[in-house]
Each structure stands twice: as C-alpha cells, then as structure tokens.
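Common to both upcoming complexes is chain A, partnered first by chain B, then by chain C.
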Partner chain A sequence: MAASMAAASGGSVTRRLLRGAARGLSGGGGGGGGGAAAEEPEGAVVNVVFVDRTGRHVPVRGRVGDNVLHLAQRHGLELEGACEASLACSTCHVYVSTPHLDRLPAPDEREEDLLDQAPQLQENSRLGCQIVLGPELEGAHFTLPRVTRNFYVDGHVPKPH
Partner chain B sequence: MAGAGGRAPLGRCWGRGKGRGGGDSRGITSPLSFTPPGFKRWLSSSAPAPRVCVVGSGPAGFYTAQHILKHHNGAQVDIYEKLPVPFGLVRFGVAPDHPEVKNVINAFTQTARLERCAYYGNITVGRDVTVAELRQAYHAVVLSYGAEDNRVLGIPGENLSGVYSARAFVGWYNGLPENRDLKPDLSCETALIVGHGNVALDIARILLSPLSLLRKTDITDCSLAALACSKVKRVWLVGRRGPLQVAFTIKELREMINLPGARPVLNPADFTGLENAIKDAPRPRKRLTELMIKTALEKPGEKTVEVQAAATQAVAPREWGLKFQRSPQEVLPTADGRRGSGDSAKAVPTGDVEELECGLVLSSIGYRSLPLDPSVPFNTQRGIIPNSSGRVEGVPGLYCSGWVKRGPTGVIITTMNDSFDTAQSVLEDLQVGVLDVSASREGFGAVGSILRSRGVHPVSFSDWEKIDAAEVARGKAAGKPREKIVDPQEMLQLIGH
Partner chain C sequence: AGRSGDGGGALRPLYMDVQATTPLDPRVLDSMLPYLTAYYGNPHSRTHAYGWESEAAMEKARRQVADLIGADSREIIFTSGATESNNMAIKGVARFYKSRKKHIITTQTEHKCVLDSCRSLETEGFRVTYLPVKKNGLIDLKELEVAFQPDTSLVSVMTVNNEIGVKQPIHDIGEICRARKVFFHTDAAQAIGKIPMDVNNMKIDLMSISGHKIYGPKGVGAIYVRRRPRVRLEPLQSGGGQERGLRSGTVPTPLAVGLGVACEVAQQEMEYDHKRISKLAERLVTKIMSEVPDVVMNGDREHRYPGCINLSFAYVEGESLLMALKDVALSSGSACTSASLEPSYVLRAIGTDEDLAHSSIRFGIGRFTTEEEVDYTVQKCIQHVKRLREMSPLWEMVQDGIDLKSIKWTQH
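Let's look at the complex of A and B:
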C-alpha cells in the first residue's frame, strides 16, 4: 500500500495543486466560506452523506457555507475536532468521494503537513474542518476512517477474560 | 430518545453554545451505534450502573472516559489524577507557543462536567489508594497514567550539572510542579540536544524564540525570566541515526526553519543521494526529507528578511542545526570538574570521535513509563503494561490506554484512537457480561473513606475551575492566557484545602 500510495502521491498531489491554483485565480475556493458560496444564495441546501466508522451511511441536509466538521458533529457523527478547526491536529480526517475531491480547493501546506500525521492516509484524505460546503459538493460522501483494532497476526481472536 | 432514568442521551453536541444531549432528528446516532451488530442495548432499569475508574487525566484518560460515557447510557466514570490539576501532557507537555493544540481541553472539560463523570485530583494511585482497592470499588479500572520518566543515555558525565533530561526541561518551562526548581543554566552559547524528535525541536524552538513571541504565551514567568537572560544562541540536535530516521514531523520542522531571527545550519553532505532514496517512500517521509534537503541546499543569499536584518544590525543571528550518526559517548566536565562542558560523540561507522563544545546538554531520547503498583503486570523492557486491545493480560477488569499501553510516542490522534480502542474493549466486556455488573460497586463512595482515613483530600473539578480562573486572572495583566501556579500547596490553599 505504501508503494502505491507513494507512486500515486507524487503525480496526483501536483495535479490537485494545479487545479487548486486555477480555482484560486477564478475567485473560487471555499476555504473561508467566501468564494464559490458568494455566487449561490446563502443557505441553499447541499445534500451530503457521512459514512460512519461502522460503514453506516448517514444522509445529511447541509447548507452552503457549512463547515463539514461541525456539520458532522451536529448530526451525531463521531468526528473529533481536538484543536477546534485551527489546523493543529488531524482528528477530523475524512475521505472524500470522487469526483467531489477534485472540486475542493487544494489543501494548503499546513493541511498537507497535518494529513501526513493521519493514520491510514489515502489519496482522497482531507481534514473535515477545512471543507466548506458549496453546491459543487452535492451528493458528496465523507467517510470517517475505520479505527483499526489490534488483531493477532495469525488470526486468533483473544477470548475475553 | 430518552436515556436511562430520564437523563438526556449523549448526543454529539460538544460544540459551544449547544445544549447537552439531543441533536436533531436527522441521522442521530444511537448510543451503541458503534458496537458490532448483534449486541443488545443496555437497559438501566434492571441492573446497577457500571462504575468505571480511569487513572490519569491526560488525553488518554479523558478520551477513554468520553467514549465510554457516549456509548453507554448508564455507566459512571470517575477520573483520578495525581496532581491537583488535570489534563496531563496537554497542560505540561504541549509547548507554550502551540496554544491551538490545547483547545482539546474544551472537549475534556465538557466530559468532566457531565453528570455521570467525576474528577478526583490530588490522589496518587499506588500510594494513597492501591489498584486492588480500586478494583474492589469499581467494575472496571483503566490505567491511563502515561510516562512520567525518561530514558537515560547511560554515559559518563550524564549526571554533571548542565545536563538535563528533555522531560525535565519541558516540565520546567511548562510549570510542572516537580520541575519548578530545575534552574537550568543558560549562560552558555551552545546547547546540545540529543535526539531527533518533536520534543527536541520544541526545546530548540523555545531556546531560540524571540522573547516577544514567548512573552504572550502561558510559559511560566520564571522560565521567561531565565530565557530573557539566556546566552544560548546555537542549538545542535544530535542523533545516532541518519536523516531518513528522524522522528520529528514536518509541521514542527517547518516551524523551526521559519523561526524569526534564527537560521538553519544543515550540512548538504548529509543529504547527498537522498533524493533517490525517497522516490518510493511513503508520503510523510518523502515530504519531510524533501524539506530537509531543500533547506540544506539553500544558498546563504536566500536568508529570510529577519535574519538579514539581524545581520545588518550586527546582531549575529541565532542558529540551529542537525547532526547525524553520532552517539554521545561522554559528557566531559569543565576544568573544575563540576559542570558538563563538552560532549564527545562517536560517528558511526567510521569510529571517529568528535568533541562538540557546548555548555548545556539535553537528552531527548524518549519518555518512559514506570510500574504503578505491584499488582499490575509491567513489561520493563518495553515500558508498557502487557495488554491486548487495552485488556491487561491476566487481570480481568483491568485495562490500559495511552502511552502506558502503547509506548510513549504519537500525537493527539494516535492517543485518541488508542483510547477509543480500549473504551471499546470495556464496552464489549460490559455488553457480553465479561464484566459482572450484577452486583453494584460503591465507586468513589468506598474510595473516599479510604482516602479520608489516610488524610488525603481529593480536588474536585469545580475546585480545578477555581484554580483555572485564578491562573487566567493572573495572566491577564501580563497579556498571557494564564500564569500557571507551579506550587501544589498554593493550589490547595487557593481552594481552601
């Protein structure tokens, strides 16, 4: 997995950066909730789906401008935001569905640095606190990473004592 | 969605300004939604409330408590803490200039204020009350007491004055009571830190940060005064392995590179050929190494504006650097034989011995847990409590989470996941009856009388809130978020103990 991750990361990170730059030039980018949202009426509905840590799909009616971390928390999803959206931790790590991932403004360097610390990092990893809903995210799935348990290497399941 | 006994369910409403419990009707998770299918929802009316004791009030303790409380609508969780004040390394380990990392205290505070959660500070488990006594009073006991000691270099001269453990130094500037009298000597120009982890970088950054930045943090006044008189202008971070094995992470390295008034000194020779070596490395290692390579190859003319300004004012910029593949052999005393003044190091594999002139040596090679109580198994070699998924081996009803379970590494997300893992084990054992809750346990009711008989007065969470308010008030005048009280006696007097 590391090899494929590494093979993919070089090229695709560059791709995402270029896309982000293009969005930035056209005045897009929802990092602060401005940008794309300014072209839509504030509060228009954006339907998204959260996939919780057991794989359960939780459809949520969000609104343009909603912060994905806070939206998840308001709807009872177990998404932590230890640093309270200040780009100082990676506890709000989520996976974003394609093609929605590429519609997000590229992560800035600080987010990329924090993502490096997230367990089970994938190509479609983002920090939930850095995603702001816009109409382009209609139908997006945000998946919470599974927390892996410690299993014995040989498949043995320890009997509870 | 009424919970047991009419109490509000634990909805996901930790956000500020939201009421406790509830949430809205769309997509709310049931309390046990996290458990595997087939497990029954716990019913309160027939069985006594399970009582859980968590030992340690740092991130591991609080995250374990939070998860149990969220997923069990009857459990009562009591969190014990050795110091009067809670939060462990969030308060005493996270650097003063990283206040955002400490925001997690707000989540922990919400947990502590829950009706089914209680905090008891100023209790040293293993001395004031034994683990055996806790196991009698509670259905389950979770050990989350972290790593209070450090690994030692084991070299001659390690005990000379001028040589400190990173743990003690961090404790000193963060107001940990046991390190308040450290009085590190900062009258030398060069400091040497043994270790290539984030703690080493934190210390380098605190030593070289402009005072104007530190002044507005919650660093203790006493440390600020010492740093104001500090002569340290050069910090070497020395590690026994190479650039590809550094343990620090990119965020912290970048912060160091961008530190105003300080310039990085990396030897390009240390990085030759590494571009190729990291081609297929996992992303975090690749990005980190690329940043080091870039920094090492930067020409002098590309100095930051601040460094150039310092140069024009004829103030030598402070500097810091990384040295690789050197193990400290000995700390050499000064002529009078008392203080550490040099640190001969061995470069592997050439066998060369090099002497590095310095006046301050900090060993930052890892924290270490200590055994708490003879009744708790402990793996001395690894410094952890033997366990699987947080269940302590051979001791039913005893669990562990955090550094004492896994070893003393990782950031907040690592400890969070680990604590949820242990909490899950406790919840499973409650569900399937491995933990027998048919008989009620007294919880703090029993422990309280034991403590009284031993003259120990626990500190409550609202007591802590008084201490907290006093610290914030004292800091206000100086423009600091708080002025930490470092004397436990002063804390106890403040709350009328």
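Let's look at the complex of A and C:
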C-alpha cells in the first residue's frame, strides 16, 4: 500500500524504481497475491470488469498472471475467499462472461466439487481463486453472485482474509 | 402371515403386490436397529464420536448403493425416496440449464411423479415431448431419435415399468443420448437389485433409486448423479448444503444403512432370486392361461422383469375379481393411481381397450413368495374368473358367437 501511495505522488523514475523493487520482492513478473500494488504495468495489462452484487461495473486493469480473487480484493470487491485460495471453500464463486468462459482451462475435479456446493450455481460459474489472468481474458466480466455459502443475512461483510 | 392388525384375529391375506412395496428383509432390519437405538448421532456432526460413527455408517451405505450400479460413492445422494429423486432429476436438470435448453423428452408410461414433474415444468415455460409406446410397451427408438431438438436438456425413461413390468432398451437409449450429448435419466426403482444395472455400461447420467422396492425401509431412496461429465442440477431443497449441496437436510442414518444393506443383499441374491422368480412367474402364467381362455398379458413377453405380471381377464370386471380374491393382496394398476377413478394410463398407452383395462390385475412375485402362495393364488383366480364369467352377460353373448364390437350400446 505504501508503495502505491509513493508511486502515485512520485515521478516516473520513482515509479520505475519501486516497480523494480516490488517485482524483485514478489520474484518476477506479476505475482498472484504478492504485495505488488495495482499499478500500471508494462505491456502486460489485461482489462477486466468486475460486476458487484449491486450491479455496479468496476473496470480493473489487471496483469497477466494475476489471481482473480486477489485482484478483486485489492479493488475492494466483496469476494470473501475464506480459505485464502487453497481450494477448500466456494466463497470466491464468480460468473464468467462468455466467450471468456471457454478460454479458461477446464476445472479440476476438486474445483467442480466445491462449485457443486456454491449456491445459485450457473453454467458459467467458476472459482475466482482458480482463474489466472492471461491476454485471452481481455474484456472479461466477472460477476459476483448475490449470495455465497456463508450466510451473512444480517448484512455483515467479512474483511478479506 | 400372522393374524390381522385390526385385532380381529382373522388370517392375513397372501402378499402378491411387491411392486407397491416390499417387506423388510430381516438382514436389513438387523443392520438398522443399532442406529435406531444406540448409534443415534447426526452424521453431519463433525466434533464427536456419535457424529463420526454415524457418518461412517452413512458412507458405508453410500458405497453399497454405488457398488450395486457401478458408480462412485460420491455420485450417490440420499433422498426420501424415488419420487424425490425423480423430482430432483427432472426439475433440477431442466432448471439449471434453462438459459439454453428448454426441451425434455419422456414417455407416456412413466411413473406419475415423472409425468407430474414434467407437467409442472410445462407451466414454467418448458416444452415436453411424451413419447408414445408400442403395443408391447416398449418405446420406438426411431421415434426417440427424431424427437430430439437442438435445445433438449434431458431424456427420462424408466427402466422397468411398475404396472406391466416391461424393460425398456436402456443400453440403446443411453447410446443415443450420449451421442447427442443430452443427459439420460432413468427411474430404476423397480429395476435395481433385480436386474444388473451399470451406469457406465448403460451410459446413464441420472438414476432414481427407491428403498422400499428392494426389501429396504420406506422413506429413503437415492439419486445417482454422474460426475464425469459432470451433471449439474438446481437443488429442490435448500439448507446447510448437505449431500454435495444437492439435497440439504440431515441424512437419516438408520434409513440410509437399511438402504445400503438392502442393495448389498440384493446384489448377492440377484441371480438366485431372478431364477426362482422367473420359474414362479412362468408357473403362474402357464397355469392361468391353460385353464382360462381370453386372458391377455399386458406388455412384451420377453423384454420384461418376470416378477411383475399384468393380466387382463376379458369379460370380468377387475375390481370384482380383486374383491373376490380377498385372501390375496393384489392390485389392478399401480398403488398411486388406485385412489383416483382414472383407468390406467399405462394400459391406455399400450393400446388396451377400455373394457380390458378395467379387467386387469397385477401379480407381483418377490424374494419371499412361495410356490404354495402362487398355486393358491392361481387356483382362486381361476375359480373366481370362471364364476364371474358365468354371471357375465357379455360372456354369454360371446359364447353365442356375437361380436361385441358390432353392438351399438344405447345411452341411458
């Protein structure tokens, strides 16, 4: 977070230095879930749109290699990810826009089992923590379902884990 | 058969209605009792031994059901019976895929829960094709092939019919559906444990199973839902996500254990039972038909399950024959239609004339049916058919050589 604030206020040299440092920390080009902030990357941008539970469209500039769950959380979307991307829950359930759905690799059997447990499942459902951005997902829309398996009927919003 | 339950002290009738329900096999009862008395934990309780032992019993039962049909145990979901399983399969699959697929194919001879589920989907905007059957009760595969539409999501055809006992060509239907990538559901309530079933061999994607048709307890059944390729369905029952999210609710461990053991016992006894029941069925049919003329067997002679025999006795009213055979528990159609005054739609679908449809009796032969019971039933049946025909003016006319079809009956 500090890095992104500095980058926003500093000049382009500072930005490039910080970016280099961040990349060094997260071990190479983009890191799924690494500490790198949502800055403007070099030539590896994948523009996607998150649609939150109220229907608000949130355009996001992701990078190749970004994990969709962590990308959503970094941009303040209410995707819980209770098991922190360890394939043990279904709270990062998203609907993927066609035709991007078919460009994703087929889900693992364990992902399918967890999807079975997600309420309001649709044919275009996937677990967000299993989607890694690539250039083929340019323009993809990821829509959050209205509910997840965790019952927050009182309106409670869990903080990202 | 002991004394009757109303305390009257009279002997109980012989039970020849196994398609309606079956008695508990004693081995099934033995397996259930500990879970009704001592091991009463909730199988979904994860934190103590009561839960763990109950869960272990439930998972063992799941495996036993799966083994009977060649499935993986993760593909078995416990339900309250085949009616719930049929509702889940038909409404669940249709609604899940409704954004792209709006058409379902089934047959005119399905169980009422299948037909009613289809009718209720029609009010939701789905289109349903009810395939007719041939005079022998089997569907015409060519008619099935042309019934497919680009937006067909499901085909539902029962394996063995509960009224007339015919066995549909499940293998061929499975091939046809798989080639068109349409899910194939079969209501196998009357078939499993009686004839070999293999969901992979027969390319079945969903299957309904009933406990009380295979000498298991009432109130439990299962649905098989294929994992590869994955079949998705919209759950009917919402809740805590038990049974893979497809059927929430505490699984009744004693009932599940009973279903599991019933399946295991059936697998062991299948060959022996089938041979013995076939012999008894042959005995019943041959004896009746050799003594009494003008008896029609409804449904194909060969492609059938032998333990379900539906005979129409011309010129005799079915209900009066049933009343006459008061020492034998029989039925004239299926239990679920006996309260309504509607004549059997299954017999109508195979082209039975209305008068013959009213003259039909279903004989059920099961694991515990004895030769003496069959002989007694046959003897009484022959005796009463002859007696009722003596009283029948129609029979008299036929004996005098009058063609009944040529008569113009006047309206009163």
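Side notes on the structure shown:
The definition used in the following text is that the second predicted complex is superposed on the first by the 104 of 161 C-alpha atoms of A that agree within 3 Å, B and C clash if a C-alpha of one lies under 4 Å from a C-alpha of the other, contacts with A are read in each partner's own complex, and residues count from 1 in each chain.
Everything below uses one rule, namely that contacts are C-beta pairs under 8 Å (C-beta built on N, C-alpha and C of every residue); 3 or more make two chains touch, one makes a residue touch a chain.
As the structure is a computational prediction, the values presented were derived from the model and not from experiment.
After overlaying the two complexes on the shared chain, residue contacts for A:147 are found with chain B alone; chain C is out of touch. Looking at the superposed arrangement, the partner reaching more residues of chain A, out of chain B and chain C, is B.
With both structures placed on the common chain, the touch criterion links A:75 to chain B but leaves chain C unconnected. Within the superposed three-chain model, A:113 lies in touch with chain B and with chain C [touch as defined at top].
Contacts of A:89 after superposition: chain B is touched, whereas chain C is not reached. With both structures placed on the common chain, the touch criterion links A:56 to chain B but leaves chain C unconnected.
In the superposition on chain A, no contact is made by A:44 with either chain B or chain C.
Put simply, chain A uses residues 109, 112-113, 116-119, 121, 149 to touch chain B in one complex and chain C in the other. Of all residues in chain A, those touching chain C in their complex are 109, 112-113, 116-119, 121-123, 149.
The touching residues of chain C, when paired with chain A in their complex, are 74, 96-97, 99-100, 227, 230, 232, 234, 238, 241, 244-246. On the side of chain B, the complex with chain A involves touching residues 11-15, 18, 23-24, 26-29, 33-34, 36, 70, 98, 100-101, 103-104, 106-107, 249-251, 254, 279-284, 286-288, 388-389, 391, 394, 396, 411-414, 416-417, 420-421, 424, 428-429, 432, 434. Listing the residues of chain A that touch chain B in their complex gives 2-3, 5-7, 9-10, 13, 50, 52-54, 56, 58-61, 70, 73-78, 80, 82-84, 86-91, 93, 109-110, 112-114, 116-119, 121, 147, 149-150, 152, 158, 160-161.
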